[in-house]
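Quick one: this structure, given as structure tokens, is what I'll be asking you about.
First chain written, first letter: the chains are A, B, C, D, E and F, and each begins at residue 1.
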């Protein structure tokens, strides 16, 4: 079957749901937690469509995820697109069942709001999580228009709810304009590693990731990758782009640097297809999701 | 000032808010009542931007709205983009104040949900309304995902709440696929004029509008124009396009045919800028809004 | 599940392949038979993605195809994108198996070349076919660059091979520029109904379709709908657009006018997604495929 | 050579400039006479690129222009893009030389300003001209920002300068909004045929063209076709689109209705490629230019 | 008010023009000084629209410009889009009045031609200026098509007119192809700092900016930022892109490196919206304009 | 003539074919060797159109190719778009004639398949070639769907056929996902320099190119530049983009690093215009082709 044919599942996986799945791709087509440009609801569909270009081996790391793990596309969460609060519960319940089945997840957003309910479910199964958080924004607003869980406040909520351990947290790529000059200090004050984008300019992030791995240690961990952490040149199709971001190479260094963490899951969020006329941001999202798969526990590496 | 310069208000009006306004343009940048493609939140901004091309006189009808009315751009309603129910109340309250001031409104959507709170406010000021409803969809679903007011159910709600008088209602352009084969019969059963798109093909709608005017009579009336009532060739930039729709000419015939109704307001909804790369759907929206202005009570016509 | 979630099959059908299927959607992601703009290979994927907007009932005709038929998405043909001749055999074999199973097909192209192998398989099962052929081009070139089966010569081949009965053929919408002034006369000379686009301007095609139905009679029939038969304003995303084409309404009249024919299959071809930034041509293709489904033998009509 | 290869001249003509040319295509990549969206400077290049799809025979009229005329692409006028007045003189001089050589011209704009210098040159060679003017705008402003020759005032200037005979003028398709309610009356007052777009809705323009041919008679004539005369659905890629315009079919009826006039030239203007993502407006322009070629004096018609 | 609502002024400032303004944003929707792709006339409108995403604090530098300065959007200059020379005088006069009122300006282009009249007005108020000039092009052509002030010659003119002091000039990012191999030497010969793009590759520009600050010293200075100085991957939506340009990070380093200069103004030019389908170049322009604001004299920095 | 006017040949060269040509640009509008996104057939036309922006001197290297060489645009190869094997022979024959005439070539693709027949012709004239191969993909598949020469297998074929000397081969930029973890080792095993993209991150490639020049030595050489070797941010408009690629600066370092090789030709392939809405990938292709010209033997450098 040519790449442009066949089922439009992630990496054209069967999606059959047969037997226990080690790692499952889950779409969360939800975007009403978005404060500016919307349409991340079409992110899962676009990421899957572009994932048709992916082949099974990671040429840089020689990861061979399909050789040792049962991986499948578990379909989408049936969110309620009219109701933010209801959807958060729906997503939580959905992921609870997946985590209870012993599956690790790689979620395809959707806006960044979805990370809160996923983490809630993950923490219920695994305990408080360390996270690697790639983003242009700190996402630690207290509320937005009175709402407590949105794409700009999910992390504050997760920390307050003790789902995420701030000391085992690394936030990378933040930048841009803010509501207060000290917006980035709150998380730092709780002991997290907080690395602004300008601290990353012109250098490899491999050394940073060594530090991150040490900090997160062997406890359960999660990687949440907002594509707006990367520069808009790399990820144009997103809702709240900020100039001066990370390069694609740095994005890959971050995920590849998560190898050996005890990842229970990860996500790629904020791909907004209407702002992505070439489809390349969705393709980026598909590749980032594949790279997440390649650092999941149990993945074999070939001949290195 | 060249057309592409100056304030990006509707028709580059001052937006100063000074003195009583006869007819006000109001933006309602709300889109979380949308069931499929979103982004109508950017509709008001895009319509205003493209409205810069509009000149003050209607060459077809010789309407000269600015010669006899005080018209201004009243800015946007400060909706809550995370909360559907809260926004409906915000919009209702906002329009209540505008109608109480004696202003007639032309609203720029936003998704079709907004028509419900606008009508609620209009009916509070003027009593139950007759409406001319241009749309591809009947918008009479009972609920959508349990929500009672959405872009697909606002009209059922308005009729149930006795805000809209179904006998003084004309629905034009409906078509496409539905959840049940008799979706279009409910409103017909209540006595409304319901005209499907295929009944409009290949003909002028001027005769239909004579019938509509007679039906609506002299009571308070409102025109709600969902751009997806027109064919997707004419209005590509919208959220739920349906093939086989009305032509642009028919759209103009409908609005121009509303002259002499006692219009208390009107709206143009469902312009979705990311699906409108040429900007022409927003330009269409701006023109339809101007045509609505031209049939507002009190508009002078020159030399006809 | 919201419309933008769930499997990206045609109309979000299960695609499970369980049990006998009365009517199956089949993708044929093939485009190297194209002479100008390519990329129809992405047509099936795009049509399926946009088909998410379709609901199960036809509001204009009250057709309820899912109430009486088992309909499913049968996936794609595994064509060889590097080899035109090999692919024609692959497609023929694929459809032979489908027709032998008693399934009627609605194919999603792909370029118009695919109609030849589909018809070859259909004729093997059902005998020579009458066809309704909507197109801007006559597709009766003898060869193109020496190739005998391409998107511009498939019909001549099908007639020469006695797969299609020219007397039971209706060609509608042809126009534009040609290699010889009498290009359109060959088929006419064989007794077909050949209706140029300018003969269709400004009128309903319902009377024409009565004539077509009479001509095709009760024998096996097939509808091949090249979206470039419609005007480029209606179907911008196609490979060889020609101005002055049919309206969307006329396209619907043609398909709806095929009701009561003994259709063994149909196709919608030449949707080229990269030339369709709004996605509306793919959406058109999805709707035309649904309309074809609605005129398949055995479809029930509700309450008319 | 496949259609997408070979020289990017109009219809892939040699452009060699050898020997006397009966009809020459001339590009005028000029757009600083534009009042709103610009970029018609890229019109000639885009029209030529899309013209690769054109074949030599007109299937509707059986015109065979290359069988009886020497037709070539004469390249572009070397305008000064920084200086409106200087460019008008450059264009005039350029066309004077072409007309003096006995060549009839089909010009590819560029904005509508270019018609003034072309007509000035044509009138110098042939005397005052009758014109068929397709447009959304009357183009009879006295001045624009003090400039006397712009895309909105060229026709007033041409009439004042007695280059164009208003009595032998037909203006078709005008509509939209204006600076005064009687903008369209000036030309009517001089005796021209002035047909607004709404007078054209829902009907064939063949009868109108009979009247136009009678009015223009046997004197020298010129057709100027602003693509914004057509509806924006048909010609989205233009600078000042106006809703409710002519259909593509009507556009063809107008040009085909000019057969038997003594056309000394014609033009297609206001194609603006950046607003034309599919390329279809440029393709429309190429087809209109070809249709103009088909009604040039001396064209043979095959087998009708 | 959500970010996508409210007035489409720069950063949604009131634009009220009340009281003395310390720093004013001024749009200059002028583009007929452009030699290739046009449409920068829509730059101010697009930059303002995208600026809605900006929040008031600079998270990287902790600049808090609104805490210590009165900043407003002063609207657009009413240029004459048909006449280059006339517009230069209009722009000069407009800025003279602004500078005389003691306001520093951040201008939103428009093509690079506009920098000449702005500098003329600034020099009249402040004396000859040192400039930081980010660009792909040296802009020191003597004339273009005989015109003396265009987007490719404004700097030569400003130096000849002794408005700009070449010794206090730094030109950064130039590259690409030229009319002569020594095009870049003229300014170097006058004593300016001239840094080609390839000298910037793979490194931080912070050290360069220390040198620049030293060179410009304490005299009046101006920053002119042509977005084509950045790589086309970062700023695709511009008129004359050149490959191999500066990164977004380097662009930010340059502006942030201007802190402590006595800036009397700055500009961001050559954003061309039709070539910017995602809107991200306009967003870049908005951010660069905000960064310019953050280095204006008198801006407070929080908690560093 | 303004840049946007004049012939749409490469760099607006005459294309006259008069006299012996030292270096000729040749378009190869072929794309049916493509496995995923197609449409590189329009690459030559788009590259030429955007090349209008190029001026004759290389400002970075001071190369003045037109001062010492006769350079022209030799037009396109008349490939057969329906037949891969036939086209390979057509291309081979075409280039044989060009190389026999003593012309060096810079080819504009088209997909990467074309490099095989060009190399075949070049090797016939010059003997086995050393190559510099920039790409995201190794292109050493044995077959694709049974085809032996495709855009993913051309290099294996060229090495097997002893057209390319693997020891004198440098492959730069490869990355992404593969069919086997050791896909990149085959060429390494034959002695080639194989540099993955991640080995290039964050550094200048000038040192690498010194090594490459030493390895290729003084024998005949060829540069094949697949634009997907660069990051998708730099070259979005291509068929099989892979994240984490080379920067534009690195691309220029590679080509400029080829100076002093005995280049008999080069190519720029895989520009796919429909995925390039801004035109900037085609512009990149035009610049890369110009840079190739600048390192052709015999090019003079000015004043360095």
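Here is the rule we use: a contact is a pair of C-beta atoms (placed from the backbone, for glycine too) under 8 Å apart; a residue touches a chain by one contact, two chains touch by 3 or more.
Treat the numbers as computed from the prediction; the structure is a model and nothing was measured.
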Study note, to complete from the structure: Contacting chain A as well as chain B are chains C, E
Study note, to complete from the structure: Going from chain C to chain E via touching chains takes a minimum number of steps equal to 2
Revision key, fill the gap. Outermost chain relative to chain A, judged by CA means, is D
Exercise for review: Indicate the whole-number Å distance between the mean C-alpha point of chain D and the mean C-alpha point of chain F.
Suggested key: 41
Check your understanding: Roughly how far is chain A from chain E, going centre to centre by Cα mean, in whole Å?
Key -> 37
**Study point:** In chain F, residues with contacts to at least two other chains
**Key:** 2, 4, 35, 37, 41-42, 80-81, 145, 202, 231, 233, 275, 277
Study note, to complete from the structure: So the touching chain pairs work out to A-B, A-C, A-E, A-F, B-C, B-D, B-E, C-D, C-F, D-E, D-F, E-F
Point to revise | Sites on chain C touched by chain A in the complex | key: 1-2, 4-9, 15, 27, 29, 41-42, 44-45, 48-49, 75-81, 277
Practice item. Provide the residue numbers of chain C that touch chain F in the complex, in ascending order. Key: 31-35, 37-39, 41-42, 80-84, 86, 144-147, 150, 274-275, 277
Practice item. Show which residues of chain B lie in contact with chain C when the two form their complex. Key: 35-37, 145, 174-184, 196-198, 201-202, 231-233, 236-237, 240-245, 275-277
Review point. In their shared complex, at which residues does chain F touch chain E?
Key: 2-4, 52-60, 62, 64, 202-204, 231, 233-234, 247-249, 251-253, 277-280, 283-284, 287-288, 290, 302-303
